[in-house]
Amino acid sequence: MSTPQGIDVSIEDKRVVVDQPPPKDHPNTCPGCGSHYRDDELVRHLRVCPHCGHHFPVRALERIGQLLDTGSFVEEGADLRSADPLGFFDLRPYVERLAEAETSTGLGDAMVIGAGRIEGSGCRLAVMDFAFMGGSMGSVVGEKFALACESATAAGVPLVSIAASGGARMQEGILALMQLPKTVCAVDELHDAGCALLSVMTHPTTGGLLASFASLGDVILAEPGALMSFAGPRVVQQTTKEKLPEDFGRAEQNLRFGHIDAIVPRSELRPTLARLLRLFGSSG
Amino acid sequence: MASSDAEPGLRERLSKLAGIKLLRGTKLSAELERLQRQLDRLTDEETDEEVWERVLLARDDDRPYTLDYVERIFGEFFELHGDRGRDDDSAIVAGLGMLDGKTVALVGQQKGRDLKERVARNFGMAYPEGYRKAMRVMEMADRHGFPLLTLVDTPGAYPGVAAEQHGQGGAIARSQAAMARLGVPTVAVVIGEGGSGGAVALALADKVLMQENAMYSVISPEGCASILWRDASQAQKAAAAFKPDAAHCLELEVIDGIVPEPVGGAHTDHDLAAELLREAVAGAFAELEHVAP
Amino acid sequence: MASSDAEPGLRERLSKLAGIKLLRGTKLSAELERLQRQLDRLTDEETDEEVWERVLLARDDDRPYTLDYVERIFGEFFELHGDRGRDDDSAIVAGLGMLDGKTVALVGQQKGRDLKERVARNFGMAYPEGYRKAMRVMEMADRHGFPLLTLVDTPGAYPGVAAEQHGQGGAIARSQAAMARLGVPTVAVVIGEGGSGGAVALALADKVLMQENAMYSVISPEGCASILWRDASQAQKAAAAFKPDAAHCLELEVIDGIVPEPVGGAHTDHDLAAELLREAVAGAFAELEHVAP
Amino acid sequence: MSTPQGIDVSIEDKRVVVDQPPPKDHPNTCPGCGSHYRDDELVRHLRVCPHCGHHFPVRALERIGQLLDTGSFVEEGADLRSADPLGFFDLRPYVERLAEAETSTGLGDAMVIGAGRIEGSGCRLAVMDFAFMGGSMGSVVGEKFALACESATAAGVPLVSIAASGGARMQEGILALMQLPKTVCAVDELHDAGCALLSVMTHPTTGGLLASFASLGDVILAEPGALMSFAGPRVVQQTTKEKLPEDFGRAEQNLRFGHIDAIVPRSELRPTLARLLRLFGSSG
């Protein structure tokens, strides 16, 4: 089972974390069984290893293609871009990281939102992309999620969120933390309008994401093996000095402890969401 | 729950958080200009060293903790225990207190003073059960129309195996949602370390204040340094970069005001610090009374 | 929560429970006369043996359980798991189902069919976590306006050390309080054993029905016999004394109606039993629609 | 520490319980330390053993005298009496047990309700008496509790309940069980009116009492050593075959597990309730 790669799961940490980057496998080599695939093979299999079932990460637009009825997606809020309120500079300036991320991913930030249909049922979508700065949540992700809630409310349809994030975006400092209450309040207004949030957690959904909207779904689904923890394994390991359980923070553990409704293999995600949209659509 | 009453205050906070300004640039609101005068009492061009000094003051071992303020600002007080489910997490204290002849509900993190108490209080790092105790008391306050005061002082929610298994992330999310739904006036004050999600879980309030030497941050300076600089000893540089001090939080409109401390810091005079806090809290509640219909 | 809508129904139940009649004597209400006709289809002068036969039928190993009905009365169904706190108690199942083109929330106890499942389901005896899962789903139903159907079938809440430590009594009390506050129509059906507090935790509904051969009692016949007769083998005598069968529950106005079963009992024909249950439930919800403003 | 004597803690039980009555100590002999007291000594010490602190049971009227300002108590609903809806007959008829209980206790049933003041603060009281059929809850106890809620609502004051009960009264069958939802709904209406329930659990508070109004207090207090369990120790022991923890179901265990706010020695109960009445009185 793969482990989160270079994501900030250290939110809350005060200790030294020597961040050894994991051995660079080719992205199409399965961390579960070592099988290697051509990209078109993986796409055909929804990026799930046919041999061992390992779920590879899925980029936002490819995910939308997997889930929505063909041609039904209409993107919203595509023009939103982050500012650099703190003039943040670590080893490199934040603005430089942003520019690089936009170039390499072709996205404005780590979340894509819009309207679409699943098996004919209308919904709004908020899909995160881990490739954009580890799916970290800054003010643009927060704003886009809030817009998606408002759009769902206006249309009177459920919002489907697909989370993939290491947590809050440190480079926006306290303003990144403020995206937690902001998205929580957005869900509250969505609920006031009688609309549902269907939350899907994919690998990884950690830190500020798990501590805000992703945990507030009326129904919470997770992909097999997805890491869903507030603090990351390394931080917990260093804090507690205990050996962590094999499935620490994984979807399987979260199901056992009552935090999610179901673990849904990627191949069943579209029909499962369709069923839920029919069930939630038929109300108010 | 009649959550409409507080919504003006809440929505006001929301629009502040909306970050539109951040995305498109804006100018100071009239309210902010008023706060600006407070801000001017602080140096608004702080050096990295000054920012770091505030971090050290926020963590000072002699700094007053929640219960030090409770015994000074409330007349009668009754502590409430337990989450009515599995545990009573002593990293979070809750209770009912009399403030200016009115009953107020109190929830706050509590660090320990000596080593024995620090361990018992888990250094102010709550488990999910602590946030569930907080939510239970919030709902009770809402039921009886008691205004809610939260005192925020934690390095963060506890990062442990059991805490994760018991749903740390979900508990923090639901605690914020519970605060958002309250129909009573809510005031949050960061009195020491406002550490990330564990802090914001108790800080979604109509009015959010910070003490002059408190800090409020998305991650600890050490954590940030270890990730971005690959070296925790660069904490001072990290703190300077993400600016967790009250002055900058006010500048960024993340908080509504700054509560002054005795010269030299709250730890130099607990009684005076408590009196200054009491005045600020009473003032904040009074303003909210006017907002509410 | 807009709990006003259902209150007519709820208050009606309350007045039934008020026990004034019991204290001062009364005559049958018009509604009861209507129910009386149903009642007449049953023998209203049952012998001790007949009462005991119903106890045995209510506990029959082949009797349909909650999930047997779920797969028969709902079109689409999605099972919901977990209390969002510590556990997912499989002695209680919950979910959303499509009934006559309308989404309904379902909560019910689930016994196991074979020994392996019986152990996994703890013989339908829930821990507090099971009732917390139920409350979580009730609140979700209320939020979205889904009517709530509960299917009651338990020997009782589990009497164990951990169950007590986790707050069995409080969970049962709060589950009733949660049902009382719901603004959506609620229907409860006792489909097997309605065992004491563990059963009533899911049965505070606008309409409460019992299947013809179900039982609903303050204590098991064996428990009652062991206490009052000092001899559990006197269970048959105890059952005859406190009359847990549907006919007497209706006579005492504890329930609103009786759901007929196939001749010989529900276990003889699961499909027919489910169809009779579906009709009764749909009818009960329809009546409540008319009551509601 | 004393153990519950002859109370129905078997609600939920299906197994044989051979009910051996405990050795008949003189009621004024302390089960904690064996000290023996004259009755006037115990009364003067609020029926708490001065030697070991054991809390003896307190009858309803004596409890009211301990808690309320002198002369402030006005009883309500004193005329309510149980009927015998089931014509219940075990080894003896229910009506006979009722008559005997009324004669021996001088009470109409196991709960006394009324209006009073504590340190000047007005409240309503609902006090149970274990001497009346083990404080079991039948339709009269349920009705009296509901009346106490209505009376508190009308006066806009908190209701203080003092529980001492083995649970539901079997002799009233299903109608006894119905007192759980009835009292739960009564508390709900009390709360709708903005009034508080201050719940005090004394030894024992088990079965249907713990599963209804007693657990719904805005504040829950318990006396030291009070047994507060849904199922009784014997039933749990026979079901699980485990050795029970020393403090199984006791107030101390309930505090540790988060179910109550405080354990209050009897000598501090009056001032504690007075403080809570001032705190809850000052609201709406």
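Lettered A, B, C and D in written order, each chain numbered from 1.
Heads up, the rule we're going with is that contacts are C-beta pairs under 8 Å (C-beta built on N, C-alpha and C of every residue); 3 or more make two chains touch, one makes a residue touch a chain.
All figures in this text were calculated on a predicted structure; none of them were measured in a lab.
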Neighbouring chains shared between subunit A and subunit B, ordered by label: C
Inter-chain centre distance, subunit A versus subunit C - centres from mean C-alpha coordinates, in Å: 40
Chain centre separation (subunit A, subunit D; CA means) in Å: 52
Centre-to-centre distance between subunit D and subunit C (centres being mean Cα positions), rounded to whole Å: 28
Two or more partner chains touched - positions in subunit B: 84-86, 166-167, 170, 174
Residues within subunit D bordering two or more other chains: 257-259
Pairwise touch network: line, ring, star, complete, or other: other
All chain pairs that touch each other: A-B, A-C, B-C, B-D, C-D
In the complex, subunit B residues that touch subunit D: 76, 78-88, 96-98, 101-103, 129, 133, 140, 143-146
Touch list for subunit D against partner subunit B, complex: 191, 194, 196, 218-219, 255-262, 272, 275-276, 278-280, 282-284
Subunit D-touching residues of subunit C, taken from the complex the two chains share: 10, 13-14, 17-20, 22-23, 25, 155-157, 159-161, 163-170, 172-174, 176-177, 180-181, 195-198, 200-201, 203-204, 216-220, 222-224, 226-233, 238, 241-244, 248-249, 252, 254
Residues on subunit B engaged by subunit C in the complex (per definition of touch): 1, 84-86, 128, 132, 166-167, 170, 174
Subunit A to subunit B touching residues, read off their complex: 8, 10-19, 80-83, 85-86, 88-91, 139-140, 142-143, 146, 168, 170-182, 184-185, 187-188, 206-208, 210-216, 228-231, 235-236, 239-240, 242, 244-245, 248-249, 253, 257-259
